[in-house]
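Labels for the chains are A, B, C and D, by order of writing; each one numbers its residues from 1.
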C-alpha cells in the first residue's frame, strides 16, 4: 500500500482526492492536514466521506508527512513550494495540485502569480504531470506538477492538431467554460448561488494564469512559439469544463482518424464518433477527457470540443493517475468507475 | 414625489427595493448609503440598474437622510435601531426591512437576536407591516417593521383557517423552503453554488428567528397562544419561498370558499382554483402571495400551499406596499408588473 | 458471476443500474432490452457507459432473458407483470424496480394504478425489497418488489419511532421533496429545465401512488392502521429525496439513542450526530439513507430528516442490495463507493 | 391603443410577448390563438399572467385577426407564411417572431428550413427587424421579420468592428451560449432538467439555421461576403445568450471609443466600461444588449462579449420595439423595466 499524505484538504480538489484514494486498492490515507480544521474529523466536514475516511485533520507537521510515500498538496498557490524541498530531501515523492511547479520560467511564474518563488531550483526538476505527453518522465519523477484544469482540457484538445502540423499555430483560440467548483471552496460573493446561478459570464479576458501554462506546454511540444487567445467563462454547474477550440487549417487531412489514432492507446482520453457533441456530465466524477473534432461546412476552421471533470481529470483524478505511474501501479488503478449520469 | 432614502442597499433586498422604486411613478430615490461601497455608483455594483439609478452610494449621514420623506433600512439586524429614533424625531417616516422592530416583547427579541435592543420604547409604537392584517395602522404609522419572508408566506397561509377557528392551533406545522437569496449577499461557504447547488437540506430545525415572529402574529390575531413547528429548508433557486402548512381540522367547512372570501379584496393575495399547486416562479419578481388549499382524501388534515417571492412580497415589494399605504398612494402603485416566467 | 438481464433500461433507473452492475465484482450484464432503442449500443445512448458496457439494446426476448440468473425490470408500471410468471417458471429470479408487485391488496393496486393486474396470484409471493425490514425474506425470494423512492426515505425515517410505539400513528406527516430524475426520462413539458428549473412546487397533494405503499409497509410493521398525510414536491436538482417527517410524541425517550441503536447494524442507513441536517448531496450516487432526528424546543413534535439518492437507495442501488442478498453475496458488494461531493 | 393579436402564444416567446404587451401603455391584447389550448384561459396556462390577461385562447381565425392593427406570430417556423398574405391584404401589419421571412434568398431558406416557402414574393418586402440597422425601414414596414436570438447578439456584437473595416471578415468566430428557453416549450428529452441541468454541451456544430441569417445581415451591411464559424452551446440557465466573438484585427484603433460612439444613441444597446465582463442576468427580463470589447494582451485578436435575454431583445422585446417603431410610438414604450437581479 502506498502511504499517502494530503496537505490542505479542505477544498474541492482535496475532498475529491480523498474520495478517490479512499476507494483506491493500493493506497492508504495516512495524514490529512489543515490549519483551519485541525482536530475536526474529515468526515464531519465532508459528509460524503462518513464511513470511508476515519481520520481527523491535523496541523501540517513534517514528522508525520515524512512517514508517507507520497504527499499531495491541495493547497492554495504558494504553499507547496515552502514544504517541498524538505520532503524531497526526506525521500518523499510529491504531487502538487496547485500551480507552484507548473511554469518552467521563474520570471513568468512570478509575474503571473505575483510572489517570489521559494525554490526556483526545483522548477526544472519538476515534471509536468500530463501523462499523455510526459508518461515516462512522470514514472521517474520525485516531484510532479499536476496540470491546471483548463490546461488539461485545452492541451489534450489541441495536441493532435499541433503535433501533426496541420494548423496555423499563431491564431489559436480556446473558448473555455468551467463549473463553479473550479473557483474553489472559498467564501466569495461572486461564487454564491444567488450570483452565479442562472447566470453566465466570461472572466479574466485580459489574462488568466492558465494562459502561460497552456502556451508553455504546446510550444514545448511542437518546438515553436504559439499564439493563443484564451477566454474562460463561469458555468452555473458544479463540475465540468468544456473547451471549444478553434484553429485555421493549413493542410487538410482526415481529422477524425488523426484524433482516433493519436489517442488510440490512452486509457483516459476518449475520442467520440464523428459528429458528436460531448457533454460535461459524461465525465462527471470520472477521470476522462472526451473529445470530438468538427470541420463545419468543410471550411478551413477546425472546431474541437473537449470536456473533462475539472476536479478529476482536471485535478484529483489526474493526480492519482500520476501517483499510479510514479509507483509502478496499473495506471488505471482506482480510476475505473463510470461517470454519474444524470 | 415621495423622497426616499435607503440605508445599506448592497444586499438583495436593497437591490430589489432600488429596482422597484426606480420604476415607481410617485417615488424618487434621493440617497443610497453603504459604508463599504461609499463613492461607488450603484449601477456599477448592480448592473441591472444601469440607466435606471444614477446615484452613487454615500456614507450613511443623518443630514441627508433627514431630507427624505421616507427612509428604508435594508441593513443587517441591529442597525436600524441605532438610527431610527433620530429619524422619527426629525419627522421622517421609516420602514425597517430587517428584524429590529418585529417582535413586541423585548425579552423575546433579545433572546433570539442575541443583543440588547437600542430603543425598546419604540417596539410598542412600531407597526408590523403586513397590510393584510394591519392596513389601517400602517396608514398612520411613523415606523413600520416590514415582516420577514417566511412569516409573510406562513402567516398569510394560516390566517383564514385560524381566524375561522377551524383547526387545532396547538399542532400547527410549517414546512418552509426558501431560495438562496434569502441568505443574503454575504460571502459564506454554505451559500456557494458549489455547496447549495444541486442540493437540498433543512436548517435551523432546533429554532429559527422567524418562529417567534410567526407565533406572535398568529397568536395576537386570534387572541390565543398557538403551538407551531417551523422547519426551514434551503432551495437551490434564486428567489421564492414555498410554505407547506399542515393543521388538524376540528370543524369541517368549504375551505376553498373560506380562502376565496377571506382574500377577495386583497390586491396581492391570490387564491388559486381548487386543486392547484402554486409554483414559486408564478411570483418571480412580483408582489404576490399565491395560495392553494387542499384536504387530501377528505381527511382531517388541511394542507395549505403558499408561495411568494422572498425579495418582493417577502421584503422589498411589501415595503413599497407599506410606503404606498403610509403616503396615501394607491396601494398597488409601482407593484403591478407581472411575474417573469420562465 | 451472476448473469443479469435488464428489461427496459432506457430510463434513469436503468442507466443507474447499468452503472452499478458494470462495476459489480460478482455480476455480469448479459442482456439489456429496449423496444424503442433495439440495436443501438447502450453506450451510445448513455455516454457515461462508454468503455464500461459494450452491449447493444435488444428486443425483449424470453429466450435470452431465461438464460439469466437474475432479471431486473426498469420498465414503466404494468410491464413486468406480463413477463414475470414465465421467468419465474423458468427458474429465473426477478427484481421489479417498478410498482407492479409492491401492493399486496389487488383492489388497492388496481385503484391507484388504473389497470387490471395481470398476475394477482404473485402479489402474495412477492417480497417487498426493503432489506431493513425484510432481509431474511429477501434472501429466499424468487420475486422482489423493489420499493419506491419516496417510500424508502419515508419508511426508514419513521420506522424506529413507530416500532418503539412512541408517537400518535394517526397523525403522521411526510413532507417529501424529490429531484427531477424521479419523474423519469420522459419527454414532458413539466420536467423541462425551463419549467422545473429555478422553481419549486408541490404536486399530487390530493393523492400520490406512494401513499398506499408507505401506509402498507408501516401498518404491516406495527400491526396497526396508520394515518398519513404525504405531500410530494418537485426539487430543481438531478438526484435526491429529502423527507421531512413530523409526528406527535406520546412517550418521551432519548430519540438520538433510539435511532442509533435501531440502525446500528445496518450497512446503508447512517444516523447522523444529534443536531445534524443531512444534505441530499451527501448521498449523491451512493446507496445510503442518512437520517437525523430532532425534537425542536423540547416540544411534543418530533422532526425526522431523511435523505437518499432516489436513483440509488431509492431504486437501482437498493435493487443491487437485494440481488446481493438473494444470491448470497456480501450485501455491500458493488455498493461501497462514496458519494460525489460537490 | 394598438389592437394586438398573437398567433400561437403557447411557447416562451408567446408568454413573454403577453407579459410585455399586458404592461404596455399603448397596446391592448385582443386575440390570443392556439389550436391546442383553444378555450383555455391564458392565465391558466401561464400563471404569471393571472390578473393581467383575462382572455382565453381561441382557434386561429382570420375574421378576428383582421380586426387587429398588429398581429404577432409566435408560431413554429412555417406557420406564419400561410397566414401573412391574407393579413397584409386586409391592411393588418405583421411581425413574425419565427424565421419565415428572415432570409432573403428563397433557395437558402428552403435549404436550411427543409420545406418549400409558401409566399416567396414577400421575402423581398419583409423588413429584417433589427432596429439598430433598419430603423427607418421598420417604421414603414407592413411585414417585419423579427431576428433570431443568436443573430441579435452576434450581429450587434460584430457590427461596429465590421462597419469600421477593422478586421479580417473571412475569419470571424462566434462562440455562442444560450439558455434552455431558446429550445422552446416543447416536450423533448434533451431539454429535460435531468438532461440539461448541471450539464453543458455544444450542439449543431456542423450547421445551425442562424448561421445563414447572421451571414446575410453582416454581409449585406458591409457589402462583402463574410466567413463565419458559429458554434452554439446549451446553457443550464432559463434565459440569456452570451456570445463570445473573435476576430483578427487588421487596423488598430481605440475599440472602446469605437463601440461607445457606434451605439451612443441606441436606447437598447449598452456598451460597458472598458475591462467589463457582461453577465446574462444583467439583461434578465429586459430589452437590452450589453456589450464589452477586449483586446487581450494588446494582441491582434479582438474579443467581444455580447449578452441579451433571448426572450426579450432576442424575441418578444425586440418585437415590441419593432411595433413601437411601426406605430409611431416612443421606441421605448413598455420596455423600460430594469432587469431582475438576482
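Please note the rule applied: a residue touches a chain if its C-beta (ideal position, glycine included) is under 8 Å from a C-beta of that chain, and two chains touch if they have at least 3 such contacts.
Just so you know, these numbers come straight off a predicted model, no measurement behind them.
The minimum number of touch steps separating chain B from chain D is 1.
Set against one another, A-D and C-D show the most C-beta pairs in contact at A-D. Chain centres computed from CA atoms place A at the largest separation from chain B.
Note on chain placement: the centre of chain A and the centre of chain C lie 36 Å apart, centres being C-alpha means. Once the centre of each chain is set as its mean CA position, chain C and chain D turn out to be 45 Å apart. Centroid to centroid, with C-alpha atoms defining each point, chain A and chain D lie 39 Å apart. Chain C has residues 12, 179, 181, 194-195, 197-198, 236-238, 278-279, 281, 284, 342 in contact with two or more other chains. Residues of chain A touching chain C in their complex: 12, 15, 19, 22-23, 46-52, 181, 197-198, 238-239, 270, 272, 278-279, 281-282, 284-286, 290, 336-342.
Residue ranges of chain C in contact with chain B, taken from their complex: 171, 173, 175, 177, 179, 194-195, 197-203, 205-207, 227, 229-231, 233, 235-238, 240, 242, 244, 246, 248, 275, 277-281, 284, 294, 296-297, 299, 301, 303, 305, 307, 342. Looking at the complex, you find that chain D touches chain C at residues 12, 179-181, 183, 185-189, 191-198, 236-238.
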